[in-house]
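Note that the chains take the letters A, B and C in the order they are written out, and that residue 1 is the start of every chain.
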């Protein structure tokens, strides 16, 4: 039995799922670069995008307005979090900052379950229509049947949006003054301040940016996996695993690692066990920590630091 | 393994960070009982060398030998166990603990007892605690800080904090004491006290390796001086010779020769 | 100095034992006694977590999992294999210790973020296993009819005996923890909390101490889990999820992160608060399910304004007010002229 169509299907689904992890990983990376803080509430932005879209569409807002509005809500929350962290950033220990972001995560989850309940909620797909079905050429499919690759349109939306966001980010960080200023802050905060960059604004901006990205990703993935009040924890965990594998602070690494994680998870669910598919991200995380905590960064440049 | 009379030998020590070389093939030796100094303009790589000797940083290449035994690459706590203690440029006291407790921690290597002894403090444990306390108070007497024993370390005036850090380092009974910019930020009276303390420490048999950029102080107390500039050794010898070395003078041109 | 402190631990223990012994004379309500037994169990976990957070300076977001491993090990061994409950408790501690070592060793060498995330993920894994491995754990229906604890022929069957048992264990562990904190090891822990770099240069193996404390705290949680299983005689995965792990962190944050005796205060506050809120939530619909919201707010507010923890922060304020001012710095000595 030729397994190629199956493999291709897993690959497609995995890349779609992985795009979300890549976006969340990028969100972690953006905030970590500018603030040295791992934002444990990162996944909640995804949740806000998903649940917010559901809420606004059930209030009869059309989807094309609901998603941006939900994104704005997430951005507002992100900026508030960044603002709350301003003072602790100066003097708090790592564990103190972790506790604050964990507290924010719980607060958001609690509010979500309070207002929107604990059940999974449906979110509308971005475009209606049947999935695209490709018949695979004979040399790929052999005698397997069905020899098709099913591309659900929402998954195409997910991948398309993720790619668009990455391109936009690249442009932002390399071609705009604001983006370059944010990069300056992540490289050397004092130096950036000396040349006139308003570091506080950049920090809040980093939070806003990662929130926006997370929310869009959430609204995009929710039609596939439903929205539920504690989806943020899982998303955050897997996105963080991807960020670590890619090397915290390493943008291309985060993307590659996120996609890889999504594919691995999908293959694992298909060929090993779907009950434990959530375990794969964690196992990868532990494996990377055991072997080389710098993740893919280690390949990027030789680090001679002790 | 070479038999040698040197206490510490640094051989072609090299440290590069991401394309920037902080220390370039530096070699020197420290004799037992010496007071040796490492000087150089700001950014010369002095603290980096101290960090490599004490295990805080990993050398990119080169060897560090303590009485002939290589120690480069060992973690800090093992190097401490072998008899090297240090102070830090930006005083790293345990702010959350009292003055005497800071010194008591210095006795960690000279006491024993792990989790079980901690949970069930019977027998030697209580007598050990008393001994450690007494030893710590003795060291505080030596640096004239005994009156401040119970106060939080963070509340001491800056000059006293430096002295406390030295007392804490001495508590480990080191063979070699590394002093990183111990005089910086001190008033001239405090510098006098520091100098007296350094001589007292030398009399107890401890070798001292100090990094500083106060030329008067360094030239006044050192037996030998190593001069670093941009990561490279440019001179080594007794103070009188080094002070008149052309390269050394050139390296310091544009820098104040002594700062108060 | 040392002698007076020892008296302090002994004193606190005596006070604790006295209150515990006498309380059931005044409180006859079984529901309250049962609730206080739960407070004791939560205190055990909180004390362990306090050592990790307050001294090793690490955050663990998965301690509910260690609690759960202890509970499930005891439950499974006693219901399916009819093992002696005390042996099952020890087995739970052993298993939890091994798991804690596995998670801790790679993470504790690195910055706190890694351990926090690793414990978060690990907590989820354990929860998933509890739910999915139905053959072993009976999944979401949970394990019931867990036997009660016995010593000889005495059965800890009613609320009063269980109250005494849980608090006896709790006070013993509190005394143990206080001893650790006041020892050479405790000093080393406080040192590495103050400055890891300096502690290392004084001969302290920072990573090894962090691992020891982490494993110890996991063992505490496991003991608590086993006690819990035999006290309420029914367990299910819902008690061992992420929100309980966070609740434990809140207890430590309230109780103060450098105070062993603050742990019971934190555990009592949060346990009783949660109980009160869920009771109110049934009456006033707007308060339904708001324990999570309250916990989140507490974490943010306390860490932003009182990073040492609530009880500790207040205690430090009092201490600073009560302390005599430092003696003036000694007058300048006579001329020494050591420099040429």
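To be clear about the criterion, a contact is a pair of C-beta atoms (placed from the backbone, for glycine too) under 8 Å apart; a residue touches a chain by one contact, two chains touch by 3 or more.
Predicted model, so just to flag it, every value in this text is computed and none were measured.
Asker: Which chain, with its centre taken as the mean C-alpha position, is closest to the global C-alpha centre?
Answerer: Chain C is the most central one.
Asker: With centres defined by CA atoms only, which chain is the most remote from chain C?
Answerer: Of all chains, B has its centre farthest from that of chain C.
Asker: What's the distance between the Cα centroids of chain B and chain C, rounded to whole Å?
Answerer: The computed centroid separation for chain B versus chain C comes out at 39 Å.
Asker: Using CA atom averages as chain centres, what separation in Å is found between chain A and chain B?
Answerer: 47
Asker: Could you grab the centroid distance between chain A and chain C? Build each centroid from C-alpha atoms only and quote it in angstrom.
Answerer: The computed centroid separation for chain A versus chain C comes out at 33 Å.
Asker: Could you pull out the residues of chain B that touch at least 2 other chains?
Answerer: In chain B, the residues touching two or more other chains are 56.
Asker: Using the touch rule from the top, collect the residues of chain A that touch chain C in their complex.
Answerer: Chain A reaches chain C through residues 38, 40, 84, 87-88, 91-96, 98-100, 102-111, 113-114, 118, 230, 233-234, 237, 240-241, 244, 275-276, 278-279, 281-282, 285-286, 289-290, 293.
Asker: Which residues of chain C touch chain A once you look at their complex with the stated criterion?
Answerer: That would be residues 53, 57-59, 61, 103, 106-107, 110-114, 116-118, 120-122, 124-125, 128-129, 132, 242-243, 246, 249, 253, 288-300, 303-304, 307 of chain C.
Asker: Using the touch definition from the top, list the residues of chain C that touch chain B in their complex.
Answerer: Spelled out, the residues of chain C in touch with chain B are 1-2, 176, 179-180, 182-188, 190-191, 193-195, 197-206, 212, 216, 258, 326-327, 329-330, 332-333, 336, 338-340.
Asker: Help me check something: in the complex, which residues belonging to chain B touch chain C?
Answerer: The contact residues of chain B facing chain C are 54-56, 75-77, 79-81, 85-86, 88, 92-97, 100-101, 104-106, 108-109, 111-115, 117-121, 125-126, 128-130, 132-133, 144, 147-148, 150-151, 155-157, 160, 168-169, 171-172, 189, 192-193, 195-196, 199, 216-217, 220-221.
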